[in-house]
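Paired with chain B in one complex and with chain C in the other, chain A is shared by the two complexes that follow.
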Partner chain A sequence: MLIYFSLTLFALVAALYGNFCVFQKQGLIADVLGHSVFPAVIVSVLLTNSKSYFYMMLFSFIFSFLSFSILNYLKKNILLDKDSIMAIVLSGFFGLGTLLMSVLKKNSSNLLSGVSDIFYGNVSAISSGDLRFILFFSLLSLFLYYFLRRYLIFSSFDSTFFRFKFNIFRIVDFIFYFILTFLVTLSINLVGIVLTSGLFIIPCLVSYKFSNNYTQLELLSSSTAVFSCFIGILISSNFNSVPTGPLIVISLGILFFASRLININTVKL
Partner chain B sequence: MILISLILTLLLSSLCLAFISPTLVLKKEAMFVDAISHSVLPGIVLSFIIIRTLDSFLFDLFAVLFSFLTALLLKRIFNSLKISKESIIGLFYTFLFSIGVVMVVFFANDVHLDADAVLFGQVEYTVFDSLNFQFLPFLNFTHLKLLVCLIMLFIWFKFFSRKLYYESFDFNFANFKFKNIKYLNYLFYLFLSFVLILSFKILGVVLVLSLAVAPALIAKLFARNFDQMYLYSCLYAVLSSLIATYIAFSFDISIAGTIAFFNMLFLIFANVLKTNFMHKNKRRDT
Partner chain C sequence: MAIVVSNVSVSYEDYIVLNDVNFNIPVNTITAIVGPNGAGKSTLLKAKLGLTDFTGKITFFGKSLNESRSKISFMSQYQEVDWHFPMTVLDLVLMGRAPFLKFWQSYSKEDISLVEKTLREVGMWIKKDSLISNLSGGQKQKVFLARSLVSNPDILFLDEPLAGIDYKSMIDIFQILKNQKANGKTIVIVHHNIEDLSKYFDNVVVVNKKIIDFGSTKDVLKRGSISKAFNN
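So, the complex of A and B:
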C-alpha cells in the first residue's frame, strides 16, 4: 500500500517539476537524464557488488551531471543543432550502459536479475529501505518546490528578466537540475528509465489548455498525474504480469487525447 | 567465419543508416528518429500477431508498413497541434512505447520478442539464418535484405540528390521550385522506416539512433558541400563500425554499445579539433 502511495507522490512531484521542463522548451531533458542513469546503475552494481539505492543515486548524479555538461559543451558550436546533440548524447550513454552490462553479464550474472527492472520498472522489487528513501526524497523535493516555485516561474517564462531581477539565477538553475536528476533516479524501480519523461511532460500538456493562471495549471497537472496513477495501479493490480509504469503512461496519453477532443467541441460550440 | 558475417552485417547496416543520416541532420529531425524507433514497437507486435514468426520476409514488410504509417501520423500531428516539437515527441514515444510493452506482455511474452531484446537488439542471432551458398558461406539472409536496401538507397540518392539538397535545407523553397517535393518526402520516410526496421533487430531501439545521426553530424563539421557530406558520413560509418568491432571483440563486450559510445566520444573529439585547431587556419587565410 505504501509503495502505491509513494508512486503517486512521485508522479505528483514529477508533474510539478515537469511543467517547468515544458515551458523552458526542454521537454526531452528528462529523457536524456533517464538514459544516462542506465550506465550509472550498472557502474554502481559493478563497483559495490550490491543493489544499494544510495550508491545508485550517487553514481547516477555523477553521470547525469556528466551528460548535462557534455550537452552544454557541444551546444556552443553553431554547426551542431540541439536535436542531434541530444540524440548522440542519449544514445552514447545508453551504449555505455549496454557495454558495461555485457561486462556485468560475463563477471557476475547473479546480480543481473534485478537490473533489467530499471527499464520498465518493477514495483514489487522495491525493498522497505528503498521505499523510505523514495518517500523521503519525494517529500524533500515537494518541500523545496514551495521555495523554488516563484523563481522557477520567472526563469521559465522570461529568463532575461529573471537574470536582471534576481542575482541567484545560477543557484536556482543548478538546484532545478539537481532535483530533476534525483527524481529521474528515484523512478528507476517505479516507472523505469525509458518512460520517465512521459510522467514529466504529459500532465502539463493535458492541463495547460484548461488553466488560466499558473496555480490552476499546477492543481490540474498534479491531479491529472494522481488520477492516472490511480488508474494504472488499479489495472496493474488486477493483471499481475503487467508493469505499472507503462499503464500509467497509457492512461496519461488517453487523457491527453480526451482533452484534445473536449477542446475541439468547445471551439465548435 | 562468424566474425566475417558479423562485420559484414554491421558494415551494411551502418552504411544504410549513413545514407539517410545527412538528410536527417540537415532537416534537424534527429529526435524524430528516436520517436519513430520507439513508437514502432506496437506495430512490430501487431505484425507478429498477424504473421506469427519473426524471421519471414512478410513480417518485415508488415513492420515497415506500420512504421511508415506511424511516421506519417507523427508528421501529421507535428503540423496540426500547436505544441513545441520536443514535447510532442516526448508525449508520443512514451505513449506508443508503453502500449507496445503492454502488448508484448499480453500477446507475445513466450517467444523471444521480449521487451529487453527490443532495447538492445541481437547481432549474434543473425548468424543462424545462413543462406548456404557454397562459395560465400558467411552470407546470410539479413545481408541480402540490407544489400537490397543499400542499392535502393544509392539509386534514390543518384536520382534525387539535387532535390534532396534543396529540400533538406529549405523545404518551402524546394516546394516552390520543384513540383512533387511532398512525394519525395514520403519516399524518404518510407526508406527511413525500411532501414530502421532492418537495423532495429540487429542494433536495438536506442543504438540505431546513434548510428543514424552521428556520421552526418561529424561529417557536417568537416564537409564543404552536400556531396562531400555524404562521402564523409559513409566513410565515417565504415571506419567507426570496423574500429568498434575490433575493440568489442578484443575486450569481449557488446558491439552495438561500443559503437554508440565511441560515436559520442568521437563527436566530442571532432568538436575539439574543429573549434580549437581548424578555425584558426581559416582566419589566417582570409
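So, the complex of A and C:
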C-alpha cells in the first residue's frame, strides 16, 4: 500500500512541476539532471564502497546541482540555444558516468549488481524507509507548490511582467530548480535516469489539448501521471524482471498518442 | 514632470545601444517614442522599467523606480508572451492584482470586481473564460491593456501595442487610452507608425541611439526631426 501511495503521489508532484518545465521551454532539463545522477551513483559506490541509498541520493543531489549550475553558466556565457547547451551538459555527464562505470567494473565488480537499476528504475528495490522519505518529500513539494504556483505561472507566461512586478523572481526560480533537482534525484528509483524526462514532461503534453485553463491542465496532467505510475508499479511488482520505468513511460506514450488522435483543441504545442 | 531621464546610456559589451539620453515627459500626457528599427526604443523602455542595466538616472514623479513600482504598469511586447500557455482572460487580468498580495494570500472579492470593471471598460468581459490564445490580435491587446490598468497605475508604458492589429481595434485602444489620460494618467507608448502621431499623441520622443528630438508633437513634426532620424 505504501509503495502505491508514495510513488503515485510522487508522480503527481513530478507532473505538476514538469508542466512548468514544458512551458519554460526546458523540456530537456529533467533529462540533464537525470543523466548527471549516473556518474553520481558510481562515484558514491566507488567512494563509500557500498550501495548505500543515502549516499547515492546525496551524491545525486550534488551532481544534479552541479549540472544545473554548469547549465546556467553556459546559458549566460555562450551564444547557443537552450537545447544545444542542455545536450552538451547531458552528454558530458553521461560520458563521465560511462567512464566511471568501466572503473567500477574493473575494481569492484561485485558492487555492480543492482547499480543497473538506476538506468530504468526498479520499485521492488526500494526499501520502506526510502518510500517514507519519498512520501515526505512529495508532500513537502506539494505544500511548496501551493505557494509557488502563482509565480511560476507568471514567469512561464510573461517573464518580463514577472521580473518587473516581483522582486522575488530570482528566489522563485531558485526554489523551483532546487525542488526539481530533488524530484529528479528521487525519480531514479521509479523510472531510472534514462526515462526521467518522460515522467515530468509527457503528462503535460497529454493533457494540454484538453485543458481550457491551467487548473484543468494541472488536474489532467497529475491524473495522467498517477494512472501511468499505478499501471507501471502494478505490472512491475507482479513480474519482478520487468523494470518500472519503461512500463510507466510506455503507458504515458500510449496516452500521448491516444490524445493526439482525439481532436478537441486546435491549439498546438 | 512625470518622468525625468538624465544621461542614460545602455551598452551590451562594446556595442552602444543608447548614448547619453536626456528628456522629460510631462504629467497627464500621451507620449510616443519613435525611431527606426534597432534605434533603441524598446531598450529605452526597458531601462525605464529597470529590465536592462543602464548608467544615468531615471525618476518617476521625483522618485526612484523601486519607490514608484506599484504606481507604474506596462504592457509587454507581443513576442515576449507564451501564447501556448493555457491562460484565460480572467486569470490574465487578475495577474495585474497579484503584486498587491502577500505570497500566501488569494485574490479577494474586491480584486475580482476590479477585474470585472476593467474588462467591461475594454469591452472584453464577455470573453472572460476564453483562452487568450483563441482571441484575435486586437482582443489580445485589449486584455493586456486591462491587466495594465487593473492596478490603477499613474504611469503606463506600452511597447508596440498596436503592432499587427486591425484598424477598429486600434481606434478602440486609443479611445481607452484617451479615457485613461482624462483620468490623469501619464502614458508612454513605443510606436512604429509615424503617420498618426499628430492624431493621438501630445508629445514625441525621437530616438536613434541618442535623442534626436523631443517635445510637443506639433513642434517635433514642424522641425522635421523624425525624417532625419529615419534617414540617418
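Details
By our rule, the second predicted complex is superposed on the first by the 248 of 269 C-alpha atoms of A that agree within 3 Å, B and C clash if a C-alpha of one lies under 4 Å from a C-alpha of the other, contacts with A are read in each partner's own complex, and residues count from 1 in each chain.
Methods note: a residue touches a chain if its C-beta (ideal position, glycine included) is under 8 Å from a C-beta of that chain, and two chains touch if they have at least 3 such contacts.
Please read these numbers as outputs of a predicted model, since none were measured by experiment.
In the superposition on chain A, contact of A:F174 is made with neither chain B nor chain C. In the superposition on chain A, A:S156 makes contact with chain C only, while chain B stays out of contact range. Contacts of A:L74 after superposition on the shared chain: chain B is touched, whereas chain C is not.
When the shared chain is aligned, no partner comes close enough to touch A:F54: not chain B, not chain C. Looking at the shared chain after the overlay, A:F5 reaches neither chain B nor chain C.
A simple residue count on chain A separates chain B from chain C, and the partner touching more is B.
Once the two complexes are laid over each other on the shared chain, residue contacts for A:F136 go to neither chain B nor chain C. Residues common to the contacts of chain A with chain B and with chain C across the two structures: none. Interface residues of chain A, counted against chain C in their complex, comprise 23, 147, 150-151, 153-154, 156-161, 163-166, 168, 208, 211-214, 216-217, 267-269. Of all residues in chain A, those touching chain B in their complex are 22, 25-28, 30-31, 35, 70, 73-74, 76-77, 79-81, 83-103, 106, 116, 119-120, 194-195, 197-198, 200-202, 204-205, 241-243, 245-247, 249-250, 252-253, 256, 260. Within the complex, the chain B residues that touch chain A are 25, 28-31, 33-34, 38, 81, 83-84, 86-87, 89-91, 94-95, 97-99, 101-102, 105-106, 109, 115-116, 119-120, 204, 206-207, 209-210, 212-214, 217, 220-221, 252-254, 256-261, 263-265, 267-268, 271, 274-275.
Only residues 49-51, 69, 74, 76-77, 80-82, 84-88, 91-92, 95, 98-99, 103-104, 129, 131, 133-134, 147 of chain C touch chain A when the two sit together in their complex.
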